[in-house]
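Order of writing sets the labels: A, B, C and D. Residues in every chain begin at 1.
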Amino acid sequence: MTLANGRPYLAIPGPSVMPEEVLRAMHRGAPNIYEGALPDMVAGLVPDLRAVARTSGHVAIYIANGHGAWEAALANTVAPGARVLVPATGRFGHGWAEIAQGLGIEAEVIDHGKRAPVDVSRLAETLAADRAHTIKAVLATHVDTSTSIRNDIAALRAAIDEAGHPALLMADCIASLACDRFEMDTWGVDVMVAASQKGLMVPPGLGFVFFSDKAAAARAALPRVSRYWDWAPRADPQMFYQYFGGTAPTHHLYGLRAALDMIGAEGMEAIWSRHATLARAVWAACERWGADGPLELNVADPALRSHAVTALRIGAPHGTRLRDWVAREAGVTLGIGLSMAEPGSAEWHGFFRFGHMGHVNAHMILGLLGSVEAGMRALDIPFGRGALDAAAEVVAGGCPAPSVQPAKTASTGRRGASAASLDG
Amino acid sequence: MTLANGRPYLAIPGPSVMPEEVLRAMHRGAPNIYEGALPDMVAGLVPDLRAVARTSGHVAIYIANGHGAWEAALANTVAPGARVLVPATGRFGHGWAEIAQGLGIEAEVIDHGKRAPVDVSRLAETLAADRAHTIKAVLATHVDTSTSIRNDIAALRAAIDEAGHPALLMADCIASLACDRFEMDTWGVDVMVAASQKGLMVPPGLGFVFFSDKAAAARAALPRVSRYWDWAPRADPQMFYQYFGGTAPTHHLYGLRAALDMIGAEGMEAIWSRHATLARAVWAACERWGADGPLELNVADPALRSHAVTALRIGAPHGTRLRDWVAREAGVTLGIGLSMAEPGSAEWHGFFRFGHMGHVNAHMILGLLGSVEAGMRALDIPFGRGALDAAAEVVAGGCPAPSVQPAKTASTGRRGASAASLDG
Amino acid sequence: MTLANGRPYLAIPGPSVMPEEVLRAMHRGAPNIYEGALPDMVAGLVPDLRAVARTSGHVAIYIANGHGAWEAALANTVAPGARVLVPATGRFGHGWAEIAQGLGIEAEVIDHGKRAPVDVSRLAETLAADRAHTIKAVLATHVDTSTSIRNDIAALRAAIDEAGHPALLMADCIASLACDRFEMDTWGVDVMVAASQKGLMVPPGLGFVFFSDKAAAARAALPRVSRYWDWAPRADPQMFYQYFGGTAPTHHLYGLRAALDMIGAEGMEAIWSRHATLARAVWAACERWGADGPLELNVADPALRSHAVTALRIGAPHGTRLRDWVAREAGVTLGIGLSMAEPGSAEWHGFFRFGHMGHVNAHMILGLLGSVEAGMRALDIPFGRGALDAAAEVVAGGCPAPSVQPAKTASTGRRGASAASLDG
Amino acid sequence: MTLANGRPYLAIPGPSVMPEEVLRAMHRGAPNIYEGALPDMVAGLVPDLRAVARTSGHVAIYIANGHGAWEAALANTVAPGARVLVPATGRFGHGWAEIAQGLGIEAEVIDHGKRAPVDVSRLAETLAADRAHTIKAVLATHVDTSTSIRNDIAALRAAIDEAGHPALLMADCIASLACDRFEMDTWGVDVMVAASQKGLMVPPGLGFVFFSDKAAAARAALPRVSRYWDWAPRADPQMFYQYFGGTAPTHHLYGLRAALDMIGAEGMEAIWSRHATLARAVWAACERWGADGPLELNVADPALRSHAVTALRIGAPHGTRLRDWVAREAGVTLGIGLSMAEPGSAEWHGFFRFGHMGHVNAHMILGLLGSVEAGMRALDIPFGRGALDAAAEVVAGGCPAPSVQPAKTASTGRRGASAASLDG
């Protein structure tokens, strides 16, 4: 007997759960890619993507995953032989640096380990020391999916500005976009990369590079950019065929349209609040469990934790046993611990992650936490009590009680005016 | 802000959550209904349906809902003017009696109210008093979806037999089939009705009537049965067109095939155990909540409770407020209380139900319970503490911990060599 | 090698080809059936169904196929023991009479064979002879799917009226609705039955009964109507649960909504014109083929031919060989000949049918005809030349050439003003 | 009125018509990308892809379109500053050269215009003149989608070998793979690029690079390859995450699996024969039309014509008018003429293309041709007679008539005993 045979829940940090609306929109015959409804639709994607990224800048859509978007961002801004600075706070900081090196760029990594955010003063010192301005860009991970550390991107900009350094500020928002608050223009980000399969709720296959005029100027100054990555022809959706550097990602575009409709209907402030509250529910449970057991949040300071992914430590072999148990007995797939220990080593089995990004609601998170507690109990892993009540309490508090009169159209409804005032 | 914007969970007692596999199987162009793959497939449905009903008897598939299956069962066995006995334990007992009356059958209802099972001795007395054997059938609800009472069908058979009465025993398993244990042949049931949209996990649109040779003989003795309901031509799937009384329900048949494949892969005993354990988790939480608050399980005796649906009482207006809250804030739709109070009355708002039938796993149930607790807290409805821990404990206990060596067949997991060696 | 391995085309007379939009709309999780979006949607279906049937009368939606709709129509209007008159022009006339007999109704069939329409004068005589008005209804098939004869329903009404007879006029539009022009109110039809899987382009599973106030009065005069068929509670979609006699056909309703949207966008006149023109293309080809070979249209007079289905005679074993060839080599499934000869007899293999109902365009019909010609050639069945050109000529003429300036948005466009004037 | 409102047919040269099976396989929730069913599935894709390409070599799968695959092929084999030779026979030859230039590679184009194949002797001369072996690769288009010219790849290899030149032979099979016969190993191709959305019948989003050991050695000799394009880590599907350079294209992989299953079931020889026969049907019609009108096949010599796409010339403004008419009136979308004239010029409106690649059968092609003839007639474009008959004749001849006994394996048919005995 297993209790897993119902609707499976994939709680890994991407690809995330796809809304029914997105998958349904993608289930259609091939469209004409030269004229008609599809090309007409694409122009409308751009302003909606900008709204998600909080920018009035440019955006290029690539048929690629996040690694491709990383490469595209660099290919358009930094020449081979030039230098970038990468303050890494997890696997994905290092990953972006490796992409840079693959392009012949000199990537200087400042390694902050696996549990600490970017040390802004150290960054400031390095930039100050670069009097020749050989550093062309600072590559920062907003949220590192492996460690779940969330960095203060605005503070990085301030440091760069204070140092009077002309380096571009690039942010990797692959894990965070449409989950954690991100304000591209306000925070002074020059280039931002994202992908479809996390907060945007679309299957993997689209990468996005948002860029400022300053970044566009850097592109213009390069002698050459590879055709596939060149963002210049992707600036004008009227040139549909050129826009995608060849055949368009037809079905993903329909999915993206559906996802942006859902995002637009909910609103960015509401989306960020939802993720923040659900993340607090996760943390509340984990802190209670950890009060009397081996489970530990990877990031100690709540202000530095992502709202989209939570990295956990529980000691080997508990991590792998727990993941196996909840998959096999409760229908939940947890994320493996990434880069926390050598794959194949004993320690590797002591880590795991929760993804809580995109199409995620209170029911899913409370079911996830309940399943994990059941697993720890079944596996005789010690844990502190009261975790599920604590999570439910966060959920309860996150949503002010309705007025006396029950709403008539509750079943599919969203809250309007009061939510707006809450966000204000 | 709302925390509902993720994958919605429909926790009403039918239609139940449809597996992705079922919906995918139904997404196809129209097939030929006269020959080819579809007619070939239908013959294989019959033995699989029999296995679910635990019978070697006959089955007729109707394009109909459960009400249609009720009507079909009677149309084939009881002539207008004849008499049936209906021991009702909820709305659906009365409903079947009304269907009988609509066919001109005299239906004698023994009303057991809303919280008690069939009183077998009372049934026995009624049958004993019917010396002329005017009663042609006893119509029993295995699980009444409105009250969540589960009746002991084998005991009814024993009573009929003890009375030496020739009445057919008919069971309504619409809410219970493939959820609560049901043994058609062992329990001596002559006619059983079911529908597609509950434990069978297929959208509404198919009704099933299983029947014994004794029931077939009753059909043969009738002067006339309406063509649409006549089960005789539906006995031989080789006669495909006649089999469905005209055009076949093509898309539902593909869905049913997918669902029966899933049911066959899991096995009836495993399915019953899963539902039993999840039901116990629900009850454990409800009992804790009720220990210090208004929430109350409609059925006091666990032995009489369905494993597929749970009726609850919480007092008006809490029921409606709670349903509204979890829909609006957590993404969960609960069932309304059915027939517990007059629709439109103040009392009506004091009832609700959980559906936990079919494609349901630990994650879904624990998320449901967490959402309800969050709702009671948000709405200031008093409740006893420890409910979520109690439910998680049932889930943990329901699945014995794996031996030292984690199983290789984790439902979604593939463990690498290093993981295996670590665990060893 | 086969040339069949592409998108299969099912050219049988129902179920018809389902639009992508309809199937996509049906691919979704189960909805709440008690409140919310689904119940809200259903009220809107009724006016749209009325528009398709050209009536201001009532409509009841059943979970059933066409045979169920037949039974429902009779169950609400004619008591067991009463008498109906059935002028049959094919298998489905006889079928409806059998349904009547199954309900205990005396059905007097006037058999017109397989190639002739209803003889109105004969009907008039029969009615005139019924001075006692024992005939309660005349059951007419608008288009008989087996013979493809289309009857003049308005002429039947005139005959009934001239005879001063009070019998209800019932029309079976299962094969014709939304294909051949049908004007329920103008033509004086009291009861009309239809089903989802032909011109309405939705999978089998819904039956429809449209009825006039006079028919409603006949219902009111009956002592009893079976609950499943009773149309009275189905008159008010506000009573959602009662409306469908139990659980609603949730997924079919979404499909029907999508189909009615498409029908509304095209408009009834345009739909009828499309079917008429495509039917003329089919006939043009068949007439050419038949000029020098065994193929023959079952209905000689074009005015009596359906626009939705075409029955053909080609002599045994050519019919079956041709059907097999086009399925195996060209990807087209033709309809079997129905009731033209005894199944199992040698003659049975001499008949086949084309379905051209619902979601059907010029490309599909011209491909169908080309495939059939290829098959006759491959099988050495003689045929007259020029058939495909003749069909293309009908298609060309059906659509006046656009003005000099090519439309810019052609790919998805429909024609507006000029179509309207054409229809006028 | 329009005759277009049925199932639309997209007859452009890619994206091609997607099989229902492929789209259905892609309609599913996100899977785990680290372990489980999806990673298990990918290893099986490689041998099946090899079988399609007729190679025992390597294959790398990219999230990219064909332009990306072009870039990947070059990034792994030719260093910036090195030289490649590009014998162009249409837009896509020039396009690949531009991609090379974007990578800093010197691309020497031998322009063969728009209606001629590669001149092998001219290629041989150029290679012979390159005594220093500065040419690192010959980039040849197997089928150029814009002109529909098909080049003799084996002859190019022979020329290179005869010249004793070490250049790699690279072939672009984006338009031809799984349509026109291609034998990678037998023909001596070192690198072959393809994409998902043509003969492979999967939505755009996957690019493929097949490569020989010789090409792998060229990769090894390069100082650096960009991480996204580096094919080395993509050689071992066991390393799943690395295999796709980050997140895998989850949904496309399911679609690809379904498509490869269909391809495997049909067999490469049968697929090539199907495309060859359908292409001959297209040509037969076009030649007849052209015998007495302006329509002309772009490629005069049948031996040089693609079996997947056909470029046509009809004179402005007929091309655009015809495309508009068949889209608006018959439900068929034709391909625009690509690169035959300046976009925006009057001449541009004189060209169009038929796509007939992948999931295409006799019904679709005959419907396409019938629709085009209807359009020419409606628009008063002159055309020769007998074209549709000629096409049907090719279709008829393409499939030998069954023996006296109709085959039992009619693709969708099940023949009953009586039918078999009749035909015997």
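As a convention for this text, contacts are C-beta pairs under 8 Å (C-beta built on N, C-alpha and C of every residue); 3 or more make two chains touch, one makes a residue touch a chain.
Model, not experiment: these values are computed from the prediction.
S.K.: Identify the chain pair with more contacting C-beta pairs: C-D or A-C.
M.R.: Most contacts of the two pairs: C-D.
S.K.: Can you name the chain that lies farthest from subunit C, using the mean of each chain's Cα atoms as its centre?
M.R.: Of all the other chains, the one whose centre lies farthest from subunit C is A.
S.K.: Taking each chain's centre as the mean of its CA atoms, how far is subunit A from subunit C in angstrom?
M.R.: 53
S.K.: For subunit C and subunit D, let me know how many angstrom lie between their CA-based centres, rounded off.
M.R.: For subunit C versus subunit D, the centre distance works out to 41 Å.
S.K.: Going by the contact rule already set, what residues in subunit C reach two or more other chains?
M.R.: If we look for residues of subunit C contacting two or more partner chains, we find 8, 17, 20, 24, 27-29, 32, 35-36, 333, 411-412.
S.K.: Would you tell me which residues of subunit A are touching subunit D in their complex?
M.R.: Contact set of subunit A toward subunit D: 8, 10, 12, 14-18, 23-24, 26-36, 63-68, 71, 75, 98-99, 102-104, 195, 197, 203-205, 224-228, 230, 244-252, 333, 335-336.
S.K.: Write out the stretch or stretches of subunit B touching subunit D in their complex.
M.R.: By the definition above, subunit B touches subunit D via 20, 24, 27-29, 32, 35-37, 39-40, 412-416.
S.K.: What part of subunit C is in contact with subunit D in the complex they form?
M.R.: Listed in rising order, the residues of subunit C that touch subunit D are 1-9, 17, 19-20, 27, 262, 266, 269-271, 273-274, 277-278, 316-317, 320-321, 323-333, 343-346, 348-349, 358-371, 373-375, 377-380, 385-386, 388-389, 391-393, 395-402, 406-407, 410-415, 419, 422-423.
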